[in-house]
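What follows is a group of structures, each given as structure tokens.
In what comes next, subunit A is part of two complexes: it sits with subunit B in the first one and with subunit C in the second one.
After this line comes the complex of A and B, so read on.
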């Protein structure tokens, strides 16, 4: 019984850490335009819309976070092997991983933006100075939370994978969940705030991103502030649910019927999410209605 | 016609000669493995190939819209197909590896359910953001009616787009894709783990208890690597985006099966060589 209660406590903690990690990851990637909306940030100057948006997208979010989390976890693991306290080891490992992220962000912004010189897009040094440190701060939160939850899974819950491998796996999953959930909100709702609400961006409007804020020109800190409210929160909930439910069903139900208990609970949860998804889809169709009248086939 | 609206013309056709060459290459690699390690090595390689094929096939189900989906210009999840499939599959591998002691069948299904659960949560949250964050209903750009629910799609596409969000068939496709990818990755991990646990003590001259962490880490790394190999191969096959099983591009899966089998065989052969030589 004590073992189960301990497991549930650790599971809750990993879920909370994953929620924070997901939220910080999406906000970091939005400030850096690292998700798929980077295509519009890159396209805008080519269409004549010079901007002050940060753009460090030279890799997708999943492989980038796979690298940074594996790096943080690997370094933390090495420090722990040197008999350094686990908390200090994780912090040191994540700090070093974030330094790599900072180098990545700097070179990526300079490289991507310099390639647009022929379209008149300047490299703003003040943008580089102010945005890079903010992305590094958010990246530290995301990497630290992910490495910590990996350490808990490995050390407290006894998962067989070593810490660096867990860092790679959950780093990639973090990037996948964050980019899947958060990208549309940044891409459609923020970059194209000048388009109609409640409709996709017409393909003809591609590249015409919003470049001006309430006062002066918009920069990526404004985008991070905006997307943190829904896109970031939703990404956090998404990754938190993935980590929490995956571990929860294993901890509580794996012992039932030689592993089949966890499988049945997993299938039940998939069915529950299927019903919720269908409800959301039908709710939208009923409440928002069609864009055009349906044509009855003759 | 825009790049988004353009239908892929080349790339959809099957090339019988290339597929035959692929099958011959597969047989050659199997023969080489039989020559180097006829017992456990060959069995492990067959397991790796089956796992790789499941990952490659499963990735075809995952609804991925790429960059256009991020602007609500096309349906699907707004990220890369290889990355999303790898994320789902690796979440499944995490669960499958945890259940490794329960046997091949239970661990494989556990891995599959883990991948399916990750995709179910992600797909649900994608629709949540589209509907409640952006006020956009789901609509497919490839079919007039959802094959599962029968819901009409055309009038729910906003002007100037190819559709947006995840219609129900795409959600179901995502769950199936996550299940297959998670199960495939777990099979690869378990096959390599059993091979390494059996052979590494003799190769390294260490007691079995000491090689287990090395065996787990090596098998896990190869499983992650094979995930990415097969997911990227499928991403090429579907030219980056797909709506799910109802998308015409889904019919290209036989070609990806052959490619995944050959690539998995080659990678698996290398994984076996490190203990067979």
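After this line comes the complex of A and C, so read on.
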């Protein structure tokens, strides 16, 4: 019984860490225009819309975060193997991983922008300086929380996988959660605020992303500020739920029929979430967007 | 079926880069045997250099392959390079002195099979596919071997799976503290997979330049070498790890600086805190 209570406590802690990680990850990727909104930022100058948006394309979010978290965890593992205190080892490992992330971000922006010279897109040094540091700060929070939750899973719950491998797995999960949950909000709503709500992106509007703000010109910090409110928290809740429910079902039901209990509960949860998702989708289509009207008209 | 959307204009031809990359990678990998000959770990940094030369060759292969619209994105190419390479690399570590050659042959066979499957069974029908996937599997296997040599000082299977832990003054042999048992191979996998795809992914576009992209590859390689050198502190002597670290930092600082200069050369303008310029006709 005590074992289960201890396990549930660790589960709650990892869930909380994952929520912070997810929220920081989505804000970071939105400031960097990583993931699927990137195609429009990349396309805009080619359609004549030169902009001041940060364009940091380092693979998709899942592989990129797979690397940052695996790297943070690998370095933390190495420092712990050198008998350094776990807290210090994790912080040092994450700092080094964030430095790698920052360097990749600058080279990605410089490379993409220099290759668009034909369309007159200039390199903005102020964008490079101010956005990179902000993405690094957010990435540090995301990586630190993820590596810490991996360490808890490994150390406190006794997971057999070594820390770097857990970092890889949960890093990819973190990137996937942020990419799937938070990005549509930035890519479809923020970049196309000048289009009809819920209308999608018509081909004629391709690349015509919002470039001007209430006063002056918009940069990616404004996008981070905008998406942190809803997109970021939604990603946080998504990743937090994934981590929490995953560990919760293992802790409570692993003992039932040699591990099959946890698998059956997992399948049941997938079915329940599928029903909820379908219900929300139908409800949203009915209440928002032009979908139903268009169908009636045709 | 697929349209070639970009052509290589000028620069060094791909065959030359391939041969140069292959030869220098194998030479650097064999130079890590100086560790065995001198009974030290001081020459582990040659593993890092092998990894960098392999990545330079591999990133140019990705450029050749991804000039065709392959429809899966550039990063997927890096993943398949290391995914197919890791099988060959792990098997080859069993062969002692012949390991790099065995890895080369095995990876080429695996890459060729994967290329055949994608082109003829999945019907992707991309002319460069078979050769590119073969090359990339070899690059993946050899650069993982380079990472292994850099972090552990060698690439024998026994050396990669066992380590030593000192506990209360006693030295105990353990599988946990090792390149494979500790999961560092997962970090090496992603370090290489991102470093190989990033240069072309970052430099693609109408203004693509070969020298800028290859300089970026060297920069990514040295950057990966810095963090791998930090991890090597856990598995090899501190002095040897410091040698790797200093070489990595010097190489990284030079290539990063050069890359920024090349980007400045190619960019339309280099502005600091300036508004969006007025474009003609808009």
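Following the convention adopted for this analysis, the second predicted complex is superposed on the first by the 284 of 298 C-alpha atoms of A that agree within 3 Å, B and C clash if a C-alpha of one lies under 4 Å from a C-alpha of the other, contacts with A are read in each partner's own complex, and residues count from 1 in each chain.
Here is the rule we use: a residue touches a chain if its C-beta (ideal position, glycine included) is under 8 Å from a C-beta of that chain, and two chains touch if they have at least 3 such contacts.
None of these values were measured; they are calculated from a predicted model.
Chemist: Using the superposition on chain A described above, determine whether A:48 touches subunit B (first), subunit C (second), both, or neither.
Modeler: second
Chemist: Return first, second, both or neither, reflecting whether A:67 touches subunit B, subunit C, both chains, or no partner chain.
Modeler: Touch partner of A:67: subunit C, not subunit B.
Chemist: Which partner does A:82 reach: the first (subunit B), the second (subunit C), both, or neither?
Modeler: It touches subunit C, and subunit B stays clear.
Chemist: Have a look at where A:120 lands relative to subunit B and subunit C in the superposition and call it first, second, both or neither.
Modeler: second
Chemist: If we overlay the two complexes on their shared chain A, which of subunit B and subunit C does A:283 touch? Say first, second, both or neither.
Modeler: A:283 contacts subunit B only, not subunit C.
Chemist: So in the superposed three-chain picture, is A:165 touching just subunit B, just subunit C, both, or none of them (first/second/both/neither)?
Modeler: In the superposition, A:165 touches subunit B and subunit C alike.
Chemist: With both structures placed on chain A, which of the two partners, subunit B or subunit C, ends up touching more residues of subunit A?
Modeler: More residues of subunit A are touched by B.
Chemist: Which partner does A:246 contact after superposing on A: first (subunit B), second (subunit C), both, neither?
Modeler: Touch status of A:246: first partner only.
Chemist: Which residues of subunit A are in contact with subunit B in one complex and with subunit C in the other?
Modeler: 60, 63, 161-162, 165-166, 168
Chemist: What residues of subunit A sit close enough to touch subunit C in their complex?
Modeler: Where subunit A meets subunit C, its residues are 42, 48, 50-52, 57-60, 63-64, 66-67, 70-71, 73-75, 77-79, 81-82, 96-97, 100, 103-104, 107-108, 110-126, 161-168, 211, 216-217.
Chemist: Under the stated contact criterion, what part of subunit B meets subunit A in this complex?
Modeler: Residues of subunit B touching subunit A: 2, 4-5, 66-73, 77-80, 83-84, 86-88, 90-91, 93-95, 97-100, 102-103, 106-107, 109-110, 113-114, 116-118, 120-138, 149, 151-152, 154-168, 171-172, 175, 213, 216-217, 220-221, 224.
Chemist: Given the complex with subunit B, which residues does subunit A contribute to the contact?
Modeler: That would be residues 35-40, 60-63, 159-162, 165-166, 168-170, 172-173, 175-177, 179-189, 191-192, 197-206, 230-231, 234-235, 237-238, 241-242, 245-246, 250, 254, 258-260, 262-263, 266-267, 269-270, 273-274, 276-278, 280-281, 283-285, 288, 290-295 of subunit A.
Chemist: Which of the residues in subunit C end up touching subunit A in this complex?
Modeler: So the residues of subunit C in touch with subunit A come to 73-75, 78-79, 165, 176-177, 181-184, 186-187, 190-191, 193-194, 197-199, 201-209, 212-213, 216, 219-220, 223-224, 227, 230-235, 256, 259-260, 262-264, 266-277, 279, 281-282.
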